[in-house]
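Below, chain A partners chain B and then partners chain C, in two separate complexes.
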Partner chain A sequence: MNWPQLLITVATIGSIFGVVTLALNLQYARGGMINFGIVAYFAVGAYTYAIITQPPPKGLDQYAFGLDWPWWAGFLLAGIAALGFAALTGWPTLRLRGEYLALTTFAFAEVFHSFLLNERRIGNGTVGLSNVHRPFGDWGPIEEKYVFAGAAALLLIVTLAAFRQLLASPYGRALDAIRDDEVAAQSSGKPSADMRRQVFLISAVPVGLAGAVYAMFTTLAQPSLFTAEVTFVVWIALVLGGERSVYGAMLGAFGLVFFEEVVRALPFETVRSAQIAASVEHIITGVLFIAVLRYQPFDRIQRKVRAST
Partner chain B sequence: MLFLQYLTAGVVTGCFLILATIGFSLTRQVEGFLNIAHAELLGIGAFATWWLNASQGWHILIAGPAAVVFTALIGLGIARTIYDPIRSRGPAVLLITSTGVAFVIGGVIDALVGTGIRTLDIGLATSYKPFGIRITDYQILVVALAAAVSVSLALFLNRTRIGLAIRARAVNPELAASRGVDVATTSRVTWLLSSGLAGLAGVMLAVIATLTTDLPFAQILQILAVAILAGLGSLYTVIASGLIIGIAMDVSVYWIPAGYRPLVAFSIVIIVLLFRSEGLAGRRAA
Partner chain C sequence: MLEITGLHVEFGGLHALNNLDFTVEEGEIVAVIGPNGAGKTTFFNVVSGMVKPTEGRLLFQGRSLLGLDPNKITARGIARTFQNVRLFNNMTVLENVMVSQHCRTRQRILDALLQTRRFRTEEALVRDRGKEVLGFFGTRLTGYRFDQPASVLSYANRRRLEIARAMATSPKLILLDEPVAGMNPVESAELTQLIGKLRDEMGYTIVLIEHDMSVVRDISDRVVVLDHGEAIARGTYAEVSANPQVIEAYLGQTTDGS
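Now for the complex of A and B:
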């Protein structure tokens, strides 16, 4: 097994999914919103980046737009597009709470997915957009993959810092108050519905940016990369790491990505054994999910740490 | 005429969706959470039928019911070992846990069955052409089963003691418990019933569809669409929304490409939720 290569992949993809997990953590643990359609915001980022930076269509291309703008424009616009998509989807759905919100966000993600699949003018339909522009080449002696892992990690760190800053502010404390007791917070003048919508919008931005980085990394924007499974994987990462803890959420993302990459990197003799390994990966992921939710080991550790200090 | 053909297909799809969703909706009402693993129970029913029928050589009329019973028992087992201990954590945790359960069941089915198309050892469908509209005997079977299941479930929930107890628990668990409704028994009967219904839908899936291991998970999207549309309503709203979604999806093919079927289903759901956030049934009376 090629460990350095594996670790660098885990660092890159783990950082990207870590950003999404952080956003989900903000929405769920702070805002009390269950977003079961997070993959859609991720996909919006990836597709926006691809469309902004790709050359205009030619030959067999079926997509209608290709702006051929520089990468940073695509990257920034990916965040803005995710924000716009959050505004669009949040407006009707955020009136709903709990599992109804989970279902509607899920429904939105499915509609968006089926739109990407069928509407060839956006991104070539099922084929998707390939050869997405990769901004970083080798930096002198540093190979491109390291630069990339660094960039992904940087995005994660910036997101983390921004969220921590936000949550440490009076605004963050108001959010916690709303989560803990909405009626009490409302009666002391906190606009709970507005604040929840703001959290939903703010947290969509890094997800869109992560989507852009993901598109750069895979050089693909394809519907099959953005299925409901991505949503579930991010949720599992969040739950694995203990949904109340920011660092736990990140650790969960890295742990899960590491586990998946190891399974993928294992050499297999036959197609059948590779397939069984993939199923076993699913089974173990599911079992982890069930066990962590039931026994909540990370919450316990955190409580112990807090009690001892 | 082509339009009527699509309409007929839509009614069949709707009837299948009713079979697939009734159990899901029952758990939703009585146990109070969305069991994402319900679709994987369909998979258990479908592949148990396939295994008994195609590999073991059982006749479909024996293999089908055996698969239904098997699925019902598995469903009850999962509920008792996994859902019951975390009941107090609320519907969100149960919902997320059931996603984990779906992963496990899906993985087990994948590992045991493998990829590729599986077919049952049953005769090819015979087509009939009443009034020039083509319909196969298996499609008629789906419609008949959906009707039979709906009627018998309605009778069960309205006429029998245990059925009434289940409904009482769905409306107000604390009150039902304090009035002497046996919570443990009603819960077990509900799980047996809803999982058995999932198994039945799975058998039908094996009969009418091209069976692959990723098929069950694909069903959850449509089940969710029907269930959200129905909201927290009675059995009858599930029937109505099953038919609405089924017909809308298949009739839409008349105008737009078939790939947009899920988009049509979820667009209806989103529109309904915009105007009635509790689904078709509206707010449940307190």
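Now for the complex of A and C:
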């Protein structure tokens, strides 16, 4: 097994999914919103980046738009597009609570997925957009993959810092108050509906940015990359890590990605053994999931850390 | 200060409030009493914006409160407490009062993200003011209590903290829903005195719902009696307690009364 390569992949993918998990953590643990369509905001970021940076169509290309702008424009616009998409989807859905919101967001993501599958002029249909522009390249002696891992980690750190700053402020206090008791929060002057909407919008931005980095990394923006499975991976990461803490959420994301990549990197002699391994992966994921929920190792670590300080 | 005319609230076919007129002058302490289900809490819910009235006029300092969300009404200067104490249980005592000053500060998301100077001075101010408000209750909510989670407080302290949180919104009018419910006689007498101080020293106008008649007698300037959503009597405690209709509402009809 090629460990350095594996760890670099885990660092990159883990950081990207870590950002999405953090956003989910903000929406769910602080805003009380269950978003089962988070993959759609991720996909909006990826597609926006691809469309902004790809060259105009030629030859057999079916897509109609390619702006050929620099990578940073695509990256920033990916965040803005995700924000816009959140405003569009949040407006009708955020009046709903709990499982109803979960269902509508899930439906939105599925609709968006079939839109991507069937719309050829924007996203090139099922084929998707390939050869997405990769901005970094080698930095002197540093290989591209390290630069990439660093960039993904930087996005994660900036997101974490921004969220922490926000949550430590009176704004975060107000969110906690709304979560604790919405009626009392309103009568203490908190516009709870507005604030919930703001959280939904703010948290979509890093998800869009992470989508852009994901498209750079895989050089693809394809419908098959943005299925409901992504949503559930992120939710599992959040539950594994414990939704009460931002660090737990991140640990959960890294742990899950690490596990997936290790299974993927196992060498197999025959096709049959690879097939068995694929099913075993699911079984082990399930068992781990149950074990983590039963014994709550991350919560325990946190409690210990807190007790010692 | 508060002028209510012809207020109707219907839930389905039920008249929770029926043609209620109610005025509160600045600096008054008005008690609202009445049997269970008379509409007292509904009345508070309407004034604080949590229930929309079916009909009627609702003026506070000459401006209508109709159609305003609860947070806007708080911003106008009406704060309330709840019958079944509603605190932010996962937050500390001090945070509970800090958070409710939020509607008086100019705090913005960008300031918090960038940690501007304005943000930091305002935060320090909010903290000091929070401690000052808690200090109003003597040493019961100060010192080591500042950093305790609200959930560990005793029942009486939870009620006090709820009043402190209402005070922290810088209101002009405070609505207290059964402030001494569940307190022992000593605590109850102390809080009664404190409610008087709220008016005399802090200048709040107070409307309270209370079942404990000794409290009502001791502090209210006026009493309004509700029954079946209607105001059946108003006046001083002495006047109201002698009113046969009030006695009937509380004790039921006497056999020779009809």
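Note that the second predicted complex is superposed on the first by the 286 of 309 C-alpha atoms of A that agree within 3 Å, B and C clash if a C-alpha of one lies under 4 Å from a C-alpha of the other, contacts with A are read in each partner's own complex, and residues count from 1 in each chain.
We take it that a residue touches a chain if its C-beta (ideal position, glycine included) is under 8 Å from a C-beta of that chain, and two chains touch if they have at least 3 such contacts.
None of the values given here were measured: they were computed from a predicted structure.
Undergrad: If we overlay the two complexes on their shared chain A, which of chain B and chain C does A:F217 touch? Say first, second, both or neither.
TA: neither
Undergrad: In the overlaid three-chain picture, which partner chain does A:S169 touch, first (chain B) or second (chain C), both, or neither?
TA: In the superposed model, A:S169 contacts chain C only, not chain B.
Undergrad: Can A:F226 be said to touch chain B (first), chain C (second), both, or neither?
TA: neither
Undergrad: In this superposition, which partner touches a larger number of chain A residues, chain B or chain C?
TA: Comparing touch counts on chain A for chain B and chain C gives B.
Undergrad: After overlaying the two complexes on chain A, where does the chain B footprint on chain A coincide with the chain C footprint?
TA: No residue of chain A touches both chain B and chain C.
Undergrad: Would you tell me which residues of chain A are touching chain B in their complex?
TA: Those residues of chain A that touch chain B are 34, 92-93, 95-96, 98-100, 102-104, 106-108, 110-111, 114-115, 117-118, 228, 232, 235-236, 239, 272, 275-276, 278-283, 285-290, 293-294.
Undergrad: Using the touch definition from the top, list the residues of chain A that touch chain C in their complex.
TA: 162, 165-166, 168-174, 176-177, 179-181, 183-192, 198, 202
Undergrad: In the complex formed with chain A, which residues of chain C make contact?
TA: 48-50, 69-72, 74-75, 79-80, 82, 86-91, 95, 98-100, 102-105, 107, 109, 111-113, 115, 119, 123, 126, 165, 168-169
Undergrad: Hey, which residues of chain B end up touching chain A in the complex?
TA: Of all residues in chain B, those touching chain A are 33-34, 82, 85-86, 89, 91-93, 95-97, 99-108, 110-111, 114-115, 221, 224-225, 228, 257, 259-260, 262-263, 266-267, 269-270, 273-274, 277-278.
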